[in-house]
Each structure stands twice: as C-alpha cells, then as structure tokens.
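Before anything else, here is the set of structures, which you'll find just below.
Below are two complexes that have chain A in common, paired first with chain B and then with chain C.
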Partner chain A sequence: MDRLTRTLSSVFTYAFLGIMAFLSIFPFIWMILGATNTSIDIVKGKVGIGSALMDNIRAFAAAVDVPLIFWNSIKIALLSTALTLIVASLAGYGFEVFRSKYRERVYSAILLTLMVPFAALMIPLFIMMGKLGLIDTHWAVILPTLGSAFVIFYFRQSTKAFPSELRDAARVDGLKEWQIFLLIYVPVMRSTYAAAFIIVFMASWNNYLWPLIVLQSNEMKTITLVVSSMASAYYPDFGAVMVSAILATLPTLVVFFVMQRQFVQGMIGSIK
Partner chain B sequence: MASANRSLNRYFDINGWFFVAPAALLIAIFMVYPILQTLWMSFQTGKGMMTQFGGLANIKRLFDDPMFMLALYNTMIFFIVQVPVMLTLALFLAALLDNPNLKFRGVIRTAIFLPCVSSLVAYSVLFKSMFVQDGLINSTLLALHVTNQPIPWMTDPFWARVLIIIAITWRWTGYNMIFFLAALQNIDKSIYEASRIDGVPSWGRFFYLTVPMLKPVILFTTVTSTIGTLQLFDEVRNIMTSDAGSAAGPSNSALTLSVYIYNLTFKFVPSFGYAATVSYVIVLAVALLAVIQFYALREKD
Partner chain C sequence: MNKTFKTSLAALVFSTSSMMAMAAAQAKDITIWCWDPNFNVAIMKEAGAIYSKTHPDINIKVVDFAKADVEAKLQTTLASGVTTSLPDIVLIEDYGAQKYIQSFPGAFASMNDVVDYSKFAPYKVKLATVDGKTYSMPFDSGVTGLYYRKDYLEQAGFKPEDMQNLTWDKYIEIGKKVAEKTGHKMMGLDPNDAGLIRIMMQSAGGWYFNDKGELNITGNEALKAALTTEGKLIASGITKPAAGWSNWVSTFTSGDVATVITGVWITGTIKATKDQENKWGVAAIPKLDVKGATDASNLGGSSWYVIASSPEKKEAIDFLNSVYAKDVDFYQKILVDQGAVGSLMEARKGAAYETADKFFGGEKIWQKFADWLSKVPSVNYGVFTNEVDSAVAAQLPALGKGGDVDAALKAIEAQAKSSMQ
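== the complex of A and B ==
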C-alpha cells in the first residue's frame, strides 16, 4: 500500500511537472512555428511547420527598417546598462564602505523609491523631457532609468562580501579611494557585474511604456514598440508579427543561455 | 592626534559623498522631483496646459467617475486573484523541484523559468494569437472536450479577465519559483528528519515547517508581485486593445489603473491633474498593501 502511494505520487509529480514544463515552453515553440506559417493558419491554430517563412520575413522587412530598429534597441539597452552599472556600483560601494548617519538616510530614501509606480512619474517626466527638447530622442528613454534603486541595493548587498583586507592593504600602499574602486573592486566583483548586467539589460530591452510615450517617429522606435504596433493593427499579419517577436526575444534568450548561472545567482543574490 | 583623526574622517566623508552623488542626483531628478510634481499636479484641474488650483476637486471627481471605479475594480481583481494563485503554484513547483533525486530536475527548472526571459510585449502578442476565437487554445479545448463551445476570450468580460490572469501567471510563476527554490535549498534538512520520526505526514511538514521558514521570501515575492500587478499595463494594452480604440477588452473589462492613466494623459484630451490624482491611488495602494503584507508576514519573535 505504502509502495503504491509512493509510485502514484511519483507518477503524479512527473506528470504535473512535465505538463508545467511543456506549457512554459510551448509559446516559444508556437512563436517559431508561427514564423513559418501564414497569418490565416496561425489564427486557425495550426501547429506545424509551414512554408511562409520567407514571405513573413519579406512582409516584416517591408513594414519597418529592421536593421535600424534592431540597432536602436541594442544601442539603448547597452548604453542604459553600462551607465546604470557604473552609477549603481559606485553608489553601492559608497554606501557600504563609507558609512555615515546622513548617507544611511539617503540610502533609505533611495530604497523607498522601489515602491514608486512608474505611472506616478510619467507625466512630469514627459513634461521635463519636452522642456529639455529630448522628446523623440534615445536619451529621453535612457536618462530616467539610470538611477535604479534595485541595482544600487544589489551592489550594496554584494559589496558586503568584498574583503575589507584588500581595501586596507591598498590604503596602506597609498592608493586613492577611486583607484581602489577602479583597480581592485571592479575586477574582484566581476561576477556581480555580470549578474547585474543581465538583469538591467533585460529590463531595458523589454521596456515598453516609457519608450511608447517618448519615441514618436518611426526611425527612433525600438523592436518592442514595433512588435506592439504591428500586432495591434486591425487585421494584424501574424506571420510577420511572429518574425518580429522572435527578433525581440532572441537577444534576451541568448544572454540567458550564455549566462544562465550568473542570472539565477544574480536574482537570488538580490534577496539575501 | 584628534585633529589627524578628524581630517581622516573628513577624507572618508568626502569620498563617501563622491561615490553616492551620481546615483543620488539621478534619483533626485528623475524620481523624487517627478513624484512630488505629480502630487502637486493632483491638486490642479483643467485641460492640457491650462490649469488652475482645484483643491480636492480631483479627489471628488474620482468618486463620480465610473471609468476610474471600473479600473480600480479590475486592478484589484487581478491583484486578489492572480497574486495568490501564482505564488501558491510557484511554491508548490519549488517544493516538488527541491527533491535532489528528481530526474530531469535541471531541465524542468529551466523550462519553467524560461517565460520570464521573454519580453512582456512579445509574449502578450503570442497569447493574443493563441487565444483568438477559432484559434489554437479553443480548438484544443474543444478537441479535448473540456468545453463544447469556443470560449469568448476576447469578447466576454469575464473570460477577458481570465485570459489576462493566465497570461501574467505564465510569465511570472517561474520567476517567483526561483526565489522559493533558493530559500528551500538553504533550509537545513535535518529538521525534517525529526518530524518524520515523529510521524508527521509530508503535507504537515510542508505547512508547519517549510512555509513558516519561507516567510521572508514569501514576503519579498508578495510585495514585488503586488507592485507589479498594480502597475499592469503592457499585457492589457497588447492583448486587449487594437490601434482603432482605447478600450481595454470587452466593455473595458481589463482596463487597469495604469492603462487608464495612460489614456487620460495621451489618448483623451490631456487631463494631467486628474491623471496625477489617479496615479496617486496606485502609490497609496502599493504603500498600504506593502505595510499590511509586512505586518501579516513579519517574524513573530
């Protein structure tokens, strides 16, 4: 009896996990199959490889300047990520290494901004970007994302593991504080930077609401905006939409598979 | 000696500010200033740039605005139904995957985690294409005899909400599962041995030992999920709306607060002051719910 229950529960476990795993990856398969099918077949729910791949790619390329759009997304994501990492690692290091009563208060205030919903910022930000003449530029997308409380928090938590002996030895050797940061901290914390890179890159690549508001001309748009506008047409060409969705998913998917370990470590590290 | 010490302290203090200044400045300009500006705007009435001080007029307007009430109702429904369903599922999956003897453990974990790598817009579009009236999901459900007529995902208010909940759950369950899994792996397994000897059944171990030990992680995932759900925008806009209109789903059944704020600001004749007031409803809801969740889940020492 006991053995029967155990077998049954193990069958149930595998069946349940199998179904969950299948449901989790199916939309990705659907996306790839969809890229080879006509819009009519997709809407009818055809699961299988079709012969419309080239037509779909042509339709997509005819609708938008694909290399330009892809470059816009890459440029925005890489610039945002690089600048966010510089700003946040400086701050995380600063808050952890040079402690003072007033900086702790600033830090608490920064953490509080984690709870601020973007909707409560977007109208003043939009007006501000208008006054700065930055509407419809990529800097309008990048600037408001650079002061990320989450990434600052992440770097401060990780800095706790940075050995203070290294710092003290460098100070005895007469290194300035910024030299210690640049020459010792940055190389030692490589894996922290890698994990933060993935998290920030994905967030920036997938950003939608804010670019939707500030990027208005077609040549400035990102791939995310293009996918959205193609799919929201009254009669969307789902074949071309699938091709665009693949392009929008590919970079984050590649980053994920190349750096899976750092990614998971990075996520978990942020709550320790 | 004392003065050398003081100058050393000063040296550290200047360095400290030097390191944190860029971040503090950016946050002051792009977070603190806008949030205060929004608060000030919420007392302004009028259209576009023609505004005047309106006192509490916008707050009164909230209560007379059926569209706002609907958006608030929908957002709360998404929050109340979706967050517990997703976190329970994530916890359950993590508990199953915490077994080191499980075969294909790594593959299953990666598969369930994969959705959170997808872009919100791209996955919304995929869901839109799968849930069309005669599409994949309905034909599969019909073939499996789960239902004997196609489910009106896009045209019925109830099913439109269900679709949004299914979509968000697909995207975020694996993400939350990873946090639970990490926490489970930090638990000292010898605790379980003692209770097994005492004859506590496995479900009892789960509810009376595992869940209490996971409280901090449950708090973290609950608060982050709450913040996320209350800001729901991308999915609704990309599954439920078309270029033609601003309606979010059948009879606006999927209209969320964020979508409504977006419509008030960028779709209708802009009413910045009122939109600011609505956005402060989200600010207050997030703050209130975070405090409640914090007290409900804090460690009782």
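== the complex of A and C ==
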C-alpha cells in the first residue's frame, strides 16, 4: 500500500516534470525543426524535419555578414562582461571589507539606481553618448553596463561568505590590500565570478534596446538586432529567421552548460 | 568646386571619427533607415544603384532595422536633439505620418519646391501634408482589391462578372452560397484585427479623425457602416476565424477560403502558392451602403521622409525626386522584383503594369490596381490612428457576437479619448 502510494506519487511527479520540461524545451525544438523547413511549411505549422536547412543557411548568409555580426556580439559581450566583473567585484569587495562613515549611504544610493527604469535613462544617456562622440561605436554599448548595481550587490552578498580569517592571515603574512584581493579573494571566489560571468554575459548578449538605439550602421549591428530586423519583414523568411535564432541562442547555451556547476555553487555561496 | 571643398571641410570638422571624415571627403553618403530586407531595403538599394549611375559622387547607404525599431530610434534621437546621428532619409508608415510631422515640427523637410505632387495618388500626398506643406516622397501603396477563387465561385454557380460592382450585402449572399455548395468559407478574418474596418471606412472617405484631425467616432457614418458590416459578416457564418497574421495568411495559402480582401501587397504571397495558378481573379472591393461609398481603399503603405537638419538634405531630396517621382522604369522593376505598387500615377504606362498576369489567368490586374489607386479617397490619418485602432479592435469580439453597434462606438470613443491624453 505504502509502496503503491510512493510509486503513484513519483509517477505524478515525473509526469508533471515531464510536461513542464516539454513546455520549456518545445520552443527550442520548434526553432531547430523550423531551421530545416521552408518558410511556407513553418507558417502552415509543419512539425517535422524538412530539407531546406542548407537553403535557409544560404539565405541567412546572403542577407547579412554573419561572421562580422557574430564577432560584434561576441566582442561586446566579452568586453562588457570582463569589465563589469572587474568593476563590480572591486566595488562589492570594497563595500563589504572596508568600513567608512558613508559606506551604507553610498551603497543604498547605488542600489536605488536599480529602481530607475532604463526607458527613463535612454534619452539622457543618448545625449551623453552623442556629446562624447560615441554614437555608432561599440563603446557606447559597453560603457553604460559597467557600473551594474545588481552585480555589485551580488558581489557584496557573496563577499560576506569570504572568511575574514583568510584576510587577517594574509595581512599578518605581509600582503598588501591589492595583493589580498588579487591573490586570495579572486581565486577563492572563483565560483562567484563564474556565476556573475554567466549573468552578465547573457544580459549583454541578449541586450537589445540600447544597442538598437546607439548602433546606426549595418557593420556595427549585433545578432539580436539582425534577428529582429529579419523577423519583422512583411513576409519574413521564417527558415532564415530560425537559423539566425539558433545562432543567437547558441553562445548563451554553451556558456551556461560549460559553467553550470560553478553557477550553482556561486548561487549557493551568495545565499549562505 | 568651392562648394564641395566647403562640405568636405564641414564633414571633416563635424565627423566624430577620422575614418568617417575620410569617406565623406571623397563621396557624399546618403544614409537611409528602413525595414524589411526583402522589400524596402531591396527597393532602396535598387533606387540607389540607378541614381549612382548618373551621380557617381553619391553613395547610398541603406541600414535596415525592424519597423518598430526604426520608430524607436527615430523618436529617441529626435527627442534627444542629437541630430548628427540621424540618417538623411527615413521610412515612415503612412498611419504614423501625421504623428511624426506634428510631434517634431521642423524635423522633416518639406519638398513642395522640388517635387511635383500632382503626379502621385492624391490620398498618398494628403496624408503627409500639414498646413499646405508636404513632407514625404510617396512610396508603396496598399490599394485594396478583392481576390477571389474562380474555381470555388464557379462551383457555387458564379462567374467573374458576378464579382464586379459588389455591395457587402451581395458579397455575404454569395458567401452563403459558396459555403453551401463548396463547404469553403468566404474569407479569413482575425477578430482582433481592425484592418478590414479601416479598409471599409476609408473606402467611404471616412477615418477615425475628421479633416481637421479631430476624433470622429460616434457621429462617423463610415465607421458605423463598417462596424455594422463586419458584425453581419461574422454573424452570417461565412468567415473563418484566424488567430494572428500568419494564421490569417494560411487561410488562403492553404486553399481554405474563397476570397481575400486586403492591400495589393498580398499579391506576391498569393502568387507564391504555385498550385493555385489560374484559379484566382481580382475585382474591386464591395461598397458600403453609405453616402460617398466607393470601391477603392487602402491598407498600410509607407513613404520616405528627408531629415531637415541633414547636411545632405539637398542631395537626398534630389535623389528621391529623380527616382521616385520620375523614373517609370524603376517602378516596373520593383513591381516585378518585389511586387511593390508605388504611388506615381504614370507608372501604369510601363511594360510591367501593361502585362497580363499569367497567374491570374491573363488578367491585366496591375491596370485595375492602378485605376483603384487613383480613386482611393483621401482622409486625414491624424496623430493617434494606432491608439484608436486598438480601441476598435477591443470592441470587435463583442460585435461578432451580435453586440450593439452604437454601444461599441461609444466604448471606442471613451477608450480612444483616454489613450489620446
């Protein structure tokens, strides 16, 4: 009896999880199947593998300079991730480790910026970039992301788990403050960096509105802009759109799977 | 010579990067923002190629973004006042024309001094005119037609002659016969889309706004007739409900419904279904039963605008004027390659417009569309067409269930007023 209930409950659990997994994976399957079908078949709702994959890839490659666009996205994502991690980890470490009279006030002020919606910042930011002469450059996309309040917050929370004994021991051993940060803190907090890397990389890779506003020429565009432009035609070539969508999803998938374990550890670390 | 020197000097001073300055010193760039790589972008590149032949010093650069994105970029940039990053020419959808011209006075260049607007379909000129000044180079038209399946109608006992000079009542009557004899519905209809309402309303010279641009809902005979007709269409059971655009398109590409009433730009999609060759005919859309009703209307369409602050303003206007206002051959090419119907009336004299279309059983369909194009009633699209459109769309499901038209008009007016504030 008891065993029956247990089996039943696990059947339900798995059925439920199965349905949920299907719901979240189906769009990806659809995207991949779509890339192999012609636009007309996709609109008709065909589910199944078609034979138009090469045609779709060719159509996509003919429409845009794929390597250039891909490189633009990679460059922006990697640069802004690396720089954001440097800025935010230094800030998070500093806020947690060093005491000062104004620490909490400054910190709250930074957190408050989380509450300002980006739409409200867009026009002033655009004017700023215009005055700096950065419109239509990749720096205009990268620079505004660097002082990310959320990532600073995340690093400060994680730093709480960084044992102060380690720092004290390092000080006794005669390390300077910047050496403690570089030689002790950074290696110990590896998983925190990994998790932050995933978060920032994904946000930057998928960033849409701001690159759209500041990037003006075809040569500067990122992959998200290209997908949007292709999908919004009066009669989109959905096959080619699916190919571009796969290309746009791939890097985030790779980054996530490669760093998955560190990601989970990093998340647990920040809660502790 | 002196002028070129001056402009190159200006380019050197104003350009933000040295690379850009070098390019500008050699040739002038005309930058264009528009959407749809297969349509507007391809057409503009073609226009650029034609113009560059006679003007080798001009370099046409077409940048493509999604339509909503062009609008977002344009609004942000105009609002920020950083005009150096604006393009020289931008594509704007006709329904939004008045909004841009009136919200950003002085941002767009009027072209009355250069362009002979009498050569274009009058409704395309009027929609971009404010206080006697016209700000657009009229481009693609959404002149409407009634596409019908000759085979289905024949099975139901109707000949192509029976499809001419229709009223909506007659259309519904035919639809019932077709459904009875062939089992096919008469048209696909998205109950959340007000497109058909707009077609019917404009065919009778009405719009959500009167000539002065003021909201005109409860006393609007054309709108009332359109809503009543759509209610009747749904109640008669001859429509096949469609969920969204792609689904609507598939109602006829799959051979499900017997007619399509929409803008001329759908022709390419219909012709893409090769197995339906020779099965389609084209007729004028049915007339509403109100004063001023015609059988010509419009759905969608867009036009080119020159940014007034652009350093290449003169060149940009000359480019648009030489190709879009004069070159009849260009219009033949874009009709054949992209299926684009422009607004230049002379274009119909070209070879492509004169050709009998094999797909439509040898009918000269482009001449028909050219006829209707000249007859589309001019209306004022106003500043808030999109806002009122969603108010109308919100009332459509209730109307389909037999709701009261006057109550719907009141509800539309209330919602429109609140979203226009």
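The rule is short, and it goes like this: the second predicted complex is superposed on the first by the 246 of 272 C-alpha atoms of A that agree within 3 Å, B and C clash if a C-alpha of one lies under 4 Å from a C-alpha of the other, contacts with A are read in each partner's own complex, and residues count from 1 in each chain.
Quick note on the criterion: contacts are C-beta pairs under 8 Å (C-beta built on N, C-alpha and C of every residue); 3 or more make two chains touch, one makes a residue touch a chain.
Since we're looking at a predicted model, the values are computed, not measured.
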Next on the checklist: Please determine, from the superposition on chain A, whether chain B and chain C clash or fit.
Outcome noted: clash
Next on the checklist: One more residue to check, A:V87. First (chain B), second (chain C), both or neither?
Outcome noted: first
Item to check | First, second, both or neither for A:S100, with chain B first and chain C second | outcome: first
Item to check | First (chain B), second (chain C), both or neither touched by A:L78 | outcome: neither
Checklist entry - Quick one: chain B or chain C, who's touching more of chain A? => result B
Checklist entry - Should A:A63 be classified as contacting the first partner (chain B), the second (chain C), both, or neither? => result second
Checklist entry - Counting only touches as set out at the top, which of chain B and chain C does A:L175 meet: first, second, both, neither? => result neither
Next on the checklist: I'd like to know which partner A:L33 touches here: chain B for first, chain C for second, both or neither.
Outcome noted: neither
Checklist entry - Of the partners chain B and chain C, which touch A:I135 in the superposed model: first, second, both, neither? => result second
Checklist entry - Regarding the shared-chain residue A:T113, is it in contact with chain B (first), chain C (second), both, or neither? => result first
Next on the checklist: Between chain B and chain C, whom does A:A194 touch in the aligned arrangement: first, second, both, or neither?
Outcome noted: neither
Checklist entry - Once both complexes are aligned on A, which of 167-175, 239-247 or 329-337 in chain C overlaps with chain B? => result 239-247
Next on the checklist: From the superposed pair, tell me which chain A residues show up as contacts to chain B and also as contacts to chain C.
Outcome noted: 43-45, 122-123, 126-127, 209, 213, 228-229, 231-234
Checklist entry - Which of the residues in chain C end up touching chain A in this complex? => result 16-17, 31, 35-39, 61, 63-69, 72-73, 76-77, 79-82, 84-85, 87, 246, 249-250, 253-254, 265, 268-269, 272-273
Checklist entry - Inside the complex, what are the residues of chain A that reach chain B? => result 13-14, 16-18, 20-25, 27-28, 30-31, 34, 42-45, 47, 86-88, 90-91, 93-95, 97-100, 103, 106-107, 109-110, 113-128, 143-144, 146-147, 149, 152, 177-178, 181, 202, 205-206, 208-209, 213, 224, 227-229, 231-234, 238, 241-242, 245, 248-249, 252-253, 256, 260, 264, 267-268, 271
Checklist entry - Mind pulling up the chain B residues that touch chain A in the complex? => result 12-13, 15-20, 22-27, 29-35, 37-38, 41, 93, 96-97, 102-103, 107-108, 110-115, 117-123, 125-130, 132, 134-140, 170, 174-175, 178-179, 182, 216-217, 220, 227, 230-231, 233-234, 237-238, 241-244, 257-258, 261-262, 265-266, 272, 275-276, 279-280, 282-283, 286-287, 290
Item to check | Of chain A, residues touching chain C in the complex | outcome: 40, 43-45, 63, 122-123, 126-127, 130-131, 133-137, 209, 212-213, 216-218, 225, 228-235, 237
